[in-house]
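Chain lettering (A, B and C) follows the sequence in which the chains are written, and residue indices restart at 1 in each chain.
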Amino acid sequence: MVNVSFRKVTKQYENGFTAVNELNLEIKDGEFLVLLGPSGCGKSTTLRMLAGLEDISEGEISIGGAKVNDLPPGARGIGMVFQSYALYPHMSVEDNLSFGLKMMKGEERKSDDEVSKLISETATMLGLSEELQKKPKQLSGGQRQRVALGRALIKRPRVLLMDEPLSNLDAELRQQMRVEIRRLHDELGMTTVYVTHDQIEAMTLADRIAVLNEGELQQHGPPMEVYRNPTNQFIEGFLCAHLNEIVDTANALFGGEEE
Amino acid sequence: MKRGLIVILSFILLLPIYHASEISTLEADGDIGYRQVGLIWSTDSPTEEGTIFEIWISNETIIETANATKHSQVMVGNVSGISQPVMGEWYDDCQYNFGDTEWIPVHRDLDGTAVVPPGTIGVNCTLTGIPSGTEIHLAVLLVNPSNESILSPSISSSSTSSDEEIIVIETSPYIFAIGSIALSIMILLFMLRWMDYREGRTTSRFAHIYIAPAILALSVLTFYPVLYGIWLSFTNADQSHLGDQSFIGIENFITVISTSGFFRVTGFTLLWSVVNVAAHIGFGLLLAMALNSDDLRGRSAYRTALLLPWAIPSYISVLVWRGLYEPAGALNDFLGTDLNLLADPNGARIVVILVNIWLGIPFMMMSISGALQALPKDMYEAAEVDGINKFSRFFYLTLPNLKSALVPLSLLGFIWTFNMFNVIYLMTDGGPNLDFDGPGSTDILITYVYDVAFRDGSYGVAAAWSVVIFLMLVVFSWTYMKKTNATEAVT
Amino acid sequence: MISSKKSFSSVLHDDLASRWYIPAEVESLRSLYPIVVIINFVSLVIFILRDDPDLIFSSTMQIVVSLVIVLLLSKLNQGQRFIRDGVIAISGLSLLLSVLQFLSGPQIIIDYWIMGWSSIPALFVIYSVSKPIVTLWASGNQTTRSAELGLYRNRSVTRFHGKIFRHIALLHAVAFVILPILWILDVALSPGNSLGGGFFDSVTMEHFNQILSSESFWIWTRNSVIVSIGTTILGLALAIPAGYAFSRFKFRGRDYAMFSFLLVQMFPGVIILVPYFLVMKALGLLNTSVGLILAYSVTALPLCVWMLKGFFDTVPKELEEAALVDGCNQNQVFWRIILPLSLPAVAVTALFSFLAAWNEFLLALTFNTSEEMYTLPVGLASLISSTGQAWGDFAAASLLVSLPVVVLFVIFQRFLIEGLSAGGVKG
């Protein structure tokens, strides 16, 4: 069971700013959870605390029942996709994928055969088999995104973290990748935490969404449930009104033509 | 007790028969060369072993040595077993005689001090390093073995800027060359401008006029001297053949290659450059990494302090370091040692390299600091999630990504260090062991070229050296760039 | 297609903390001790230079002991109580050795430093390895709770140690930089021409008075000022229009011209020195300020042009176009819009060529050989030459000459460095 739980997690910066305030959240094994909220609401900070890239001021985060508050990121069994991809610019796609594997020590260490098998498996899964020898600079935005995803997945993490992974792509690619990310999740079945400010992304991808504002968790639940029963003004405005507007616009455009 | 008595007794016994020599004649001759003065003196009786002639020099008449500085000295002593360089091998040539007209070259002890045998009557020295064109006063102080010293009368002379007077260089060929270069550049620019005008490029109406002064200056004061230098390397130009030098083929280059110590000085120059650049980059990287932290208290104070070796004029730093390394300097006080590193060839080599390392670190530190800040931060976060430890992050991420900055920096540093004149010239002037007819033990190529050109006056040979140095640098840079590009293609 | 859905990391049991906990103190010691060994080698070299057999022996012993500590630290792991006790015992030995060594030495400044480097790390080992949490770890009795606590402590301990290491490294570098400067201050303030002796034990202003009242110092300063200002003005007059043209215009021959500027930057000065001298000699420009001004402004020209081009590139083109639309001609645009906007950049370039001329030694030494035409660099060097060792006067003069330059450099450091990297390194 790889469930993730936040218990009264608070992040306060040295200058006194509270980015996340007493967050309580349980993520079930194999669940696809989307953290949704406007920019500056603390959703990225939450993810980075889970990854171990930010210190936790108070509270407790556990993965699979074990407290991970002070474990180094590499020890938590997570994979992470960054908004900017954060690929290693001087390495080929192959090395980008396998760098983490090759640097493992002790009993986790993989043999060369295992590593190359994993590389080809991951590359096939993401359609990167042709690009293995290229450098990130030579790839398109969508391909870089796949490499970043592959790098997170190749270690078969217990939890996959994604920080606005699609925000640098154009609309069409975004749509395509969305489908693919969901497919990968269903195929590999790992617990996934996905951060975005895009309501449509959240509605289409999530098993469950958790809406944050100003460091506070507003509401969480399956997407349609949150959409139908918003518990407060903020969610009403940020989620429901926004989506309704899109539906209205679409109706006006396409419905109008049909008439 | 007994020994002391004997010494005193023998002193008393010797006193009556002991006659101290005195300077009886003293002549100076200013017309012997550029920044050189000849000085001839003789004593009234054969000199004793242990006598010292000190040559003092001043801007005013020398009445006592307090207002003068010592130029050099000649010692009377046992000459057996010490070298006797032939005339022309030493900067300060000296000869002696026994009262007749046969002049014999002096001997030189390990420090390079002139030594003449007891019984010497006359000494004839060429003093170098005299400021030219000004009147100077000379006197010889004779120090007897009994430590009694007698100052000769003062004599005045001047190192006529003789070569400038004797050899009148024809100015017109230079003026002609410069004029024609300037003219052809002007014509070229005018033609280019006319062609642009014909094609109707409106933005460039003034472009050629704007760049004309800079291009002219560059052609006349850089490209022309470079070409002229290359031509000089094929001629017999020297102090006495200037203006009427003639083409002698590759003879100068043969002289260069066959110089005793050619490979030694080239080897030391390479060692000097490689060690320096490696240390600059190593320490620069270390300090840049130490400074590269936002929450470091006193960061800007540290940075400012560490920039000082770059901010202080380099000639001053070098001379200060030289003082530190002097036997009486602070280094010995500080380490509790009793060293004279500058007098030992290997010690001096280490010292000059250390000083140049001190000078060059700040530049590399700042350049690498800039490159470090340009590295993507998220790459390190991704590596943390990948479980890469600090050392692997440095070796597998930081270093490879700094490579694109380090390759040109190291090449630039190499070229600069290769041609770093000030440090060697001011620290050791190529010493401590000056080989005659060859480079000294700490000479690098450029300081040796300076000696060839401006101490020996062999302009043609010096130009040939310059061309050889330039070719070495071109070959090195080319292979370096090729090698580093090749490795980049592989990885 | 996918071989295993199972996460590799799920082999890990719940007790992640105990598995991952290594005390930060041990990690720090592992990186610190190799440096201690290196420093011990440095002290050995100093003792060899001192030729003191006792100290050489004790310092060799110290190296052996430190190497043993390095070895033991690398073997130290969970449940290795025995090794931990060994580390503490050996460190005690190292401490004892360093105190004995210090007491038998001459106890001058450097001995304090050497003792510091051999005793403080040993104390640090004894203190940190005997901490309860490390003891618990080393004896293999830790619980998940204690490991979690340890991981929590590790964060602040690592950060603290990192800071201390940085400060130690930087302080050493600063000491290496400052020592010669302090020393020259001491020489300038000491009476006579003594180079050694105690720091600041007798203070006198005689050398400053002597230098300030010496005629030649003022002559050299005058020459340097004339040459540097002349170079700055001529250099800018040549470089500004060229930099502007390269930045803004496309014209025939532009690429060749730019390449020629780059090429000159690559030329080592040596190839020009001899012909330069001969041309200057033929033109009668030796021992004049004009000769040096010409030479300096041309040697600094390529870098100045590249720096200015870089700065002009950052002035938006739209401003210029707007002015052109408003009816200014190209010259007016340059004088009224571009130049005032890039004045700071021009000032930096000016400062750069001024400093280059102020500090140049080789050409000044070669061209201006008569004492009335010396610039400060050659003049100051002549104070320390075969004909004189006026260290006190030299020290006073150096301080006077460097101070304004250093102050300018420090104030404008950021701009100078930016300018250099815009002009030189990036090319």
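Please note the rule applied: a residue touches a chain if its C-beta (ideal position, glycine included) is under 8 Å from a C-beta of that chain, and two chains touch if they have at least 3 such contacts.
Being a predicted model, the structure only gives us computed values, none of them experimental.
The most centrally placed chain, judged by C-alpha centroids, is C. Of all the chains, the one whose CA centre sits at the greatest distance from that of chain C is A. Contact analysis places B-C first among chain pairs (by count of C-beta pairs in contact). With each centre defined as the average position of its C-alpha atoms, the distance from chain A to chain B rounds to 64 Å. Between the CA-based centres of chain A and chain C the separation comes to 44 Å, rounded to the whole angstrom. Distance between chain B and chain C, defined via averaged C-alpha coordinates, is recorded as 24 Å. Contacts with at least two other chains are made by residues 72, 75, 155 of chain A.
Here chain B touches chain A in the complex through residues 376, 378-379, 381-388, 392, 396-397, 400-401, 403, 491, going by the rule given at the top.
Here chain B touches chain C in the complex through residues 35, 57, 69-72, 129, 131-134, 164, 169-171, 173-175, 188-189, 192-193, 195-196, 201, 203-211, 213-215, 217-218, 221-226, 228-229, 232, 237, 242-243, 283, 286-287, 290-291, 293, 295-297, 302, 304-317, 319-324, 326, 328-330, 332-337, 339, 358, 366-367, 370, 405, 408-409, 412, 415, 418-419, 421-422, 425-426, 445-446, 449-450, 453-454, 459, 462-463, 466-467, 469-470, 473, 477, going by the rule given at the top.
Residue ranges of chain A in contact with chain B, taken from their complex: 51-53, 72-75, 78-80, 82, 84, 86-90, 99-100, 103-104, 151-152, 155.
The touching residues of chain C, when paired with chain B in their complex, are 46, 49-50, 105-106, 108-111, 163, 166-167, 169-170, 173-174, 176-181, 183-184, 186-187, 194-197, 237-239, 241-242, 244-246, 248-254, 257, 260-261, 264, 266-279, 281-284, 294-295, 297-299, 301-302, 305, 330-331, 358-359, 361-362, 366, 369-371, 377, 380-381, 384-388, 391, 394-395, 398, 401-402, 405-406, 409-410, 413, 417, 421, 424-425, 427. Residues 2, 55, 64-72, 75-77, 108, 117, 121, 124-125, 155-158, 187-190 of chain A touch chain C in their complex.
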